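Structures incoming, each one as structure tokens.
Two complexes follow with chain A in common, the first pairing it with chain B and the second with chain C.
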Partner chain A sequence: MDYPGLIKLLAPECLVVLTALAVLFADLKFWRGLPSAQRLGRGAALATVGLLAAALFIGLGEKSADLLVGTLVLTRVSQFLKLVLLLLTLGTVWLCSDTDFTEHIGEFLALLLLAATGMMLLISTENLLMIFVSLELVSLSLYVITAFNKRSPRSAEAALKYFLFGGMAAGFMLFGFSLLYGLSGSIHLPDIALALRTKGSDPLAMAAVVMVLAGFGFKIAAVPFHFWAPDTYEGAPAPAAAFIASGSKVASFFVLVTLLQAGMPGAAGSGAWKAFVPGWMPIVAILATASMVFGNLAALAQSSLRRLLACSAIAHAGYALLAVMAEPADAKPALLYYVVTYALTLVGMFGLVSVVEGGDGADSISQLAGLSQRSPLLAVCLSVFGLSLAGVPPLAGFFGKFYVFVAVAKSGPTLSSFWLVLVAITMSCVSLYYYLQVLKQAWVAVPVVESAPTRAGGPLVWVVSLLAFAVVLLGCVPELLLRFLR
Partner chain B sequence: MFAWTIYLSFAGAAGMFLLPRESLRGPRVLALTAALAGLLAAVGGALQHTAGGGVVTVSKHAWIPTLGADYFLAADGISLTLVLLTGLVATAGVLFSWNIELRPREFFAFYLALIGGVYGVFLSFDLLLLLVFYEIAIVPKYFLIAIWGSTNREYAAMKLALYSFVGSALVIAGLVAAYVVSGAETFNLLELAKFAYPREFQLWAFPLVFVGFGILAGLWPFHSWAPTGHVAAPTGASMLLAGVVMKLGAYGCLRVAMTLFPEGLAAWRDVIGILAVIGIVYGALVALVQRDFKFVVGFSSVSHMGFVLLGLATVTTLGLSGAVLQMFSHGILAGLLFGVVGRMIYDREHTRDLEQLESRHLSRMLPFAAVTFVLAGLASMGLPGFSGFVAELYVLIGAWQTFPKLAVIAGAGIVIGVAYTLRAIQKGFFSGNELPSPARLPAEHGESAISLPEKLGAGLLLACTIGVGLYPRVLLDWIVPSFNSPLFDGLRKGAGL
Partner chain C sequence: MTWLIPNLWLIPALPLLAAGLGALLKRPQQRLASILSVGAIGLAFLLACGAFAQTLSEHAERQVHNFAWFHFGETSLRLGWILDPLTASMLVMITFVGGLIFIYSVGYMARDPNFTRFFCFLSLFAAAMLGLVISNNLLQLFMCWELVGLASYLLIGFWYHKPSAAAAAKKAFITTRIGDIGFLLGIVWLYHETGTLLFYDHGAGCLEHGALAKLVAQTTVGGMLVSTAISLLLFCGAVGKSGQVPLHVWLPDAMEGPTPVSALIHAATMVTAGVFLVARVYPLFNAEFAISLAPSGTLPPVSTALQVVTWTGAITAVLAALIAVAQTDIKRILAYSTVSQLGYMFIGLGVGGPAVGMFHLLTHAFFKALLFLGAGSVIHGFHEEQDIRRMGGSRKFMPVTFATYAVGMLALAGFPLIFSGFWSKDEILHSALKWPASKGPFFLALMGAGLTAFYMTRQMWFVFFRPRTDFRPDSGHDAHHVHAAPDSEPHESPSIMTIPLVILAACVVLLSIFATPVWPWFDAYLAGHLSHLHVGWSGDGTLVIVMLLSVVAVAFGLGGGWALYSRVQDGEARDPVETRLPGLFGALRERLRVDEFYEATILRLSRILAVSSDWIDRFGWSACVDLIRLLTIGLAWISRYFDQSIINVGFDASCESVRGWGRLAGLLQNGQAQRYLRILAFGIVMLIVALAWMGDSAR
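So, the complex of A and B:
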């Protein structure tokens, strides 16, 4: 056992954990007496230093490794994805800098960083047990930060719902994992893949597939495991919701596609039109279709911006699930481009939400009225995010969808999966309607009462504008991101 | 040279946000500069364009190697004609929007972004790039109508945006399928046009893409966004919508659907021909009974675009050239008609109701508007000496060769066109028995006299329609040889061009 080598490979994760502890300690010991804005500012600055150091270690460190039979697997893609996760964490940390939902600043930042650590570990393993343990680290941290706004009963409700559903989903997933272990005698994905090659259509394997997909369906908010999403998005503090919608999604989708494509290719089956073959493909196809249809239709009826984002998150989980069904060569780049750009967009969106809703926590879409007059910059950012979610070029959301469509259409015999593309395209037409409703408020509507000029601190505006710029840039030149994902 | 049309427009749009918020003059001047510069770039590019019928590459760079998409701008005679049209209408549109006082920065930013997208579509020979520009043009239309529009604006804007988006969704579906089936890992139109798609595939892919683009071209029965959208839009935007945005659809039908899927076209051409003729007659009949002046022009657009689609369905060099010429001609004339109705009349009289206008003696109050409208009306009726005549003649001769019966019905459509135009001219300008009250004589009508920008814009467009009408070869020498290029080999083989 080569401990120094292990430490070296895990240095970024260790650094993030140390940063979490340092923020916690410094906040308790030195910053207690300061006003909360200053505490937040200092905490965020310290966290930034730690995150940047971790990013530096990733940049300089090993790009690929496989330790302890798949317990720690580093690849170029997973290392890059860790950088993305660090970036998303950084964005989320600075989103906090403008809010005042809690007195317990050190704890909040520390939990955020611990969740980030969990995500980083989650994407660097091919071991079922490690997957489960890291997933729990992520989930438990996220449950707690969801409940962090103690003044708001909705925050507590959101956390309880999230926790109950999450606990149930974790149970399902663990049961599925145990079945996989029972079938193959291993918790190492390549070994499971070998064992499943001959037992692909075994009923027990199917049961395992269903259980595992139920567990991940919860994490990514796919129908019918989506019930927690609207309430959680609505009740959680904005930075917590942003992190649930971004980082957690990216990591979960990465693990899901690894698990299915690397761990169970033998149980794939087929989702081709009128030619379903049992396996995870048809289940994913059904989950994806249901999510796209339900998410988009439900979003039409929302008047709260956060609930609208939750419904659109369900729909986007559906689009992203399509990519899971693509050929292995396309699946990861298409899926990761999609979820990474989606995550950037959502962090920006929640930044805007926290600007708009101000102190009273109301987030009706009509509060955006006249934003273009109050703050043209934020209105432009809102349009970039909204149109990117709707899939309008030249924004990242368009290319993400397009690539996913191409990847799915290419898989299997000629155009056998094309029906999924048709469903997705139809539903994205529906989605334009509700995103335009949001933009209409910002650009067309006149505020009913003369609203105060939009209150927005410096860092928040910076984060939001940079994210909007990234969404435009990655949409115009997708290769900037794609080259790291292949 | 051509590529600058795109960059200048987008640069102008971005530049608006550097101007002070309250400035009225700044945005106008910047918009006019950008539009004029775009027009000059278009003219310059057209003058450089010497190659007989070939496709001349403007700019080509690898863009998304993962999918094999290139940043590939090129031009042939067809795209060149439409780029010129865009430059002309854009410039005139800015001149006709000179009186915008509500949030002028944003108005012209959306306006120029729309223009940039339109230029991009006409110059893209990479299908993914074309799609990107095509959709870039959708969103500004929504805001232009929803913020600065009139009658029923929010409804009309949303309807237009959704129709356009549904259209482009059909196109995306068709493109993804075409990309996958060809297996060539490229979106280059010149490459894909060489690929012979299986016939069964073409049979369903062609209508998908053709209708997808056709929605924007006012293809009956998917035209209903057009009149409501045109009517609700502010003048500059109506001019762009009818003048160039509808051409995007027709251009896409020709450039993408027909070029890629010639056998599909051969199978569906009768249906398209029939729909086009229904559009011609239906649009004209509906225009005949409108009370709202703008609706008359709006439905006349549907009718005139029917000629474009009919020309496309003929698949003869004459008919296709006529269709392209008709795109140019209708673009100029629709711009002019909407300019007169929306800016010269509505902004002064605050009504577009023909019954009310009847008593206002507009031929005396606004003689310039009356003269312009009469000239434009004559042109759009298809009188010799104007561009509309040549274009519709070409289309009808082409149609006569392919579908004689439809050609006769389309000819009847022209007659109805004469009727509704004359009715509009008579009711709008030359009715009313008693003389105008002295208080409303032109002399005391000083502040609402037709302004210089309006005169310049109208003069520019009138000069074009008369110029092309008197000497159509100025455009036909570019358009007709384009159909000999290898790009249309498939169309020759598969649909007997």
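So, the complex of A and C:
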């Protein structure tokens, strides 16, 4: 056991934890008397320093390691993904800078950073126990920050639903893990893979697969484990919702694909049309199809921007799940490109949501009316995000979908998975309708009541514009991101 | 300096950045706009000098940097930068001449309300042109090619409120586009045959031996080699861009743009892109000869593609020079002269290879930019007057402009020994004389040289020497006239305009050092054997003959022009040539009626096609559409009947059921956490059951 080496490998995570404690301490000790805007600014600045330092450590540190039989596994891709997570955390931190939903600023930022730590740990392990513990760290932190708007009963309700749902999902997942342990006698993914090779179609293994997928289905909001999403997105403070929709998803998808493809290749089965073989493939296919269909159809009927984003998040979870079924070599780049660009887009979207809502918390789509007059820059950003989510070239969302669809269509025997791509393409056509409805409000519709000029604070607008720029850039030059994910 | 090759993109990126930032400026921010543009091209010039120095030090070893733009499955689209003497010399020329023209424009456009827009476009053009020069991929080159076309369109139509300018912009764009169709077809064909569009790729590029050998080994329609066919298609693009017969018609009209634009785009740089293209893909044009698999006895003396290039150039050189003789607009004369000189460059490429053509390109860029800027200065001085018959005597008013213009004129006319134009033209003539295929181009070029001297003498006489008659005020109103419009006297231009003229004039003379037969430095530089260069007479006997002949031709042109025109005092009088050869002069003045010929043939044909397709549309297709409409209406009636009596009844029933499903969905998402959790558990159970069922049916 080499403790200095372990500390060195875990330095970024340690730094983020220390930053969380430092923010908490500084806020309680020194900044109590200040007005909340200043406390937020200072807290965000301190958190930024810590996050950047952690990013620096990742950049300079080891690129690959495997410690304690898979407890700590660093790869080039996971290290890069940590950088992405730090970036998303940074964006979320600065999203807070313009809101005033809470006076407990230190606690909020500290919990955010703890959640980030959980995500970073989550993607750097191949050990079931570590996966579970880090997932719980993420979930618990997110439950709390969902409830942070104490003035709004909806926030508390959202958090409670999120918590109850998450608790149950976690229970199932733990059950599934224990079944896996029972089948294989190991909690190390490669060992489990070896054991499942012979017992691939064991009914017990099937039950374990379904339960594990239920747990992750909750994290990524796939039908039928999605019920918490609309309520939570609606009630949570905007930065919290942004983080749930972005960072948490990126990390969960990464673990999911690792778990399924590295841990259970023997129980894959097949999701080919009319040739289902039991395993996780058909389950993922069912979840993906249901999510795409339900998410897009439900989004059509929403009048609240946040609920619309939630329903579209369900649909996007469906698209991304498709990538899980691709050949291992294609799956990770396509999936990660998709979720990373999606996460960037959603953080930007929630930034816009918090601008549009202003103080009163009303987030109906009609609030956007006349945005192009009030703030042309934000209207352009909204269009970039909306069109990217709808998958219009040359924005990042288009290439994300494109890579996923190609990866899926290529997998398995010729065109056997093509039915999934057909469903996905049909459903993306449907989705264009509701994204364009949002854009129509921003560019065409005339506001019913004369709304006040949008109060757009500095850092928030910067974050949103930078994210919009990133979405355009990654769409035009996908190679910038892809070469880190291969 | 090795970082320069991968970072060669910085050279076009700087002006591009300036264009992007310039687009965001507001109208009054003129100073900032000019500083941005001039600064960007200045930096680009420094980088270009760096690149140039590198090609000097490393014996002109060709350096490329290729990278993947994006992947489609197994294939990937790769772009790249290239640095070789050809690129480096173009880079330096474009940034240097361009920089001077930018500075000049600051003075020339000072009073234009759209000053910032102008500089934005200029920078965009410079970026595209520099990008074109450093491309190591034909597709990349084509993109930049189209971008320079766009910039040219925007700048010709810069004063878009003038209908003639708008029409000229359209004409330029469409005419060059006709050539570009051939170009694009050539690109596609080349890609189809070789599978790559990179010029040089360590042996796998389309200009390297493997690909060329493959192209030469195949024949297509009429027994033509594939390499020849592709070359000719690419040459179509060059013909369009470089204003060669029969697509030269847009270039004289392009003079509607502001004069710095004419100097930069339609004399020094963009129009030479066609020449540059042929020089760049010269191995392909020459492949038939260089890499032929045919037995040596049946080899043609020169490759077919290069013969076409040479003859096109020769015909253009003479025709345009002839037309220039009868023009009266100062810029149009220069425009036809540009067309004619571009013809020379193509002759040079065809008979002597890239070094010969490119040297004339470079010297021409300097002296023609000088002439255009001088013409701009004259036009500026004469208050936007462009007709040479109404100018005169400006030698006295504009000494600097006169002196520099004279340098440019003598260089263009090919005045011996100290002007660079003489040496570059001489090299072309010399190569043409030695050309094995035919002596025709030599005589045509010699005739063109005489004509060039002739029409430039005519222009000089009218603009600078002829005493001014029409502006001379009456003796009685002298004082009054001066008071009424003190500005109406022609005047010298401000120094921001004259200094670039002086610098360019100096370069025109200095450049002549680099290609004398005594020290043919440029030839050696382009060919890549700088180290074997010796000082000393390198020509042979024919060179002396050529020099003598060309001196005689020039002297004949200058003397003839002076003799004919120095007696003309009145601008409105009939041209002396017209009195002697009325028919020919009339035809030339009408520009050989090429425009009218196109109007009567191609445009009429296209109009007839348009009208007839409109007619087919109206009566043919619309009849079908009407028929379908009637059918549809009929069907609609039937279906309405169905609808009302059969479907509606059923629909009401199914609506009820959809509403039921909706209610069910509502019940599902009703906000009650208990129910959510129940559904979650139910979902898991159902999934397990589904798996079990699938397992059963699979077995």
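Just so it is clear, the second predicted complex is superposed on the first by the 486 of 486 C-alpha atoms of A that agree within 3 Å, B and C clash if a C-alpha of one lies under 4 Å from a C-alpha of the other, contacts with A are read in each partner's own complex, and residues count from 1 in each chain.
By definition in this document, contacts are C-beta pairs under 8 Å (C-beta built on N, C-alpha and C of every residue); 3 or more make two chains touch, one makes a residue touch a chain.
What you see is a predicted model; the values in this text were computed from it and never measured.
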Consider chain A as the common anchor and indicate whether chain B and chain C clash or fit when overlaid.
-> clash
Of the partners chain B and chain C, which touch A:L56 in the superposed model: first, second, both, neither?
-> neither
Would you check which partner chain A:I7 touches, where first means chain B only, second means chain C only, and both and neither mean what they say?
-> neither
May I ask you to decide whether A:A45 touches chain B, chain C, both, or neither, giving the answer as first, second, both or neither?
-> neither
Scan A:A329 for contacts with chain B and chain C and give back first, second, both or neither.
-> neither
Should A:P278 be classified as contacting the first partner (chain B), the second (chain C), both, or neither?
-> second
Pick one for A:V421: touches chain B only (first), chain C only (second), both, or neither.
-> first
Could you tell me if A:P478 is touching chain B, chain C, both of them or neither one (first, second, both, neither)?
-> both
So, does A:L160 touch the first partner chain B, the second partner chain C, both, or neither?
-> second
Could you point to the stretch of chain C, among 204-212, 366-374, 510-518 or 618-626, that collides with chain B in the superposition?
-> 618-626
Common ground on chain A, meaning residues reached by chain C in one complex and by chain B in the other = 477-479
For chain A, which residues count as touching chain C in their complex?
-> 160-161, 164-165, 168-169, 172, 201, 203, 206-207, 209-211, 213-214, 218, 224-225, 227-228, 230-231, 276-279, 282-283, 286, 477-479
Sites on chain B touched by chain A in the complex | 17, 21, 63-67, 106, 128, 131-132, 135-136, 138-139, 142-143, 146-147, 154, 158, 161-162, 165-166, 169, 172-173, 176-177, 179-181
Of chain A, residues touching chain B in the complex = 333, 372, 376, 380, 387, 392-394, 398-399, 402-403, 405-406, 409-410, 414-415, 418, 421-422, 425-426, 428-429, 432-433, 436, 439-440, 443-444, 477-479, 482, 486
Mind pulling up the chain C residues that touch chain A in the complex?
-> 68-71, 668-669, 671, 673, 676-677, 679-681, 683-684, 687-688, 690-692, 694-695, 698
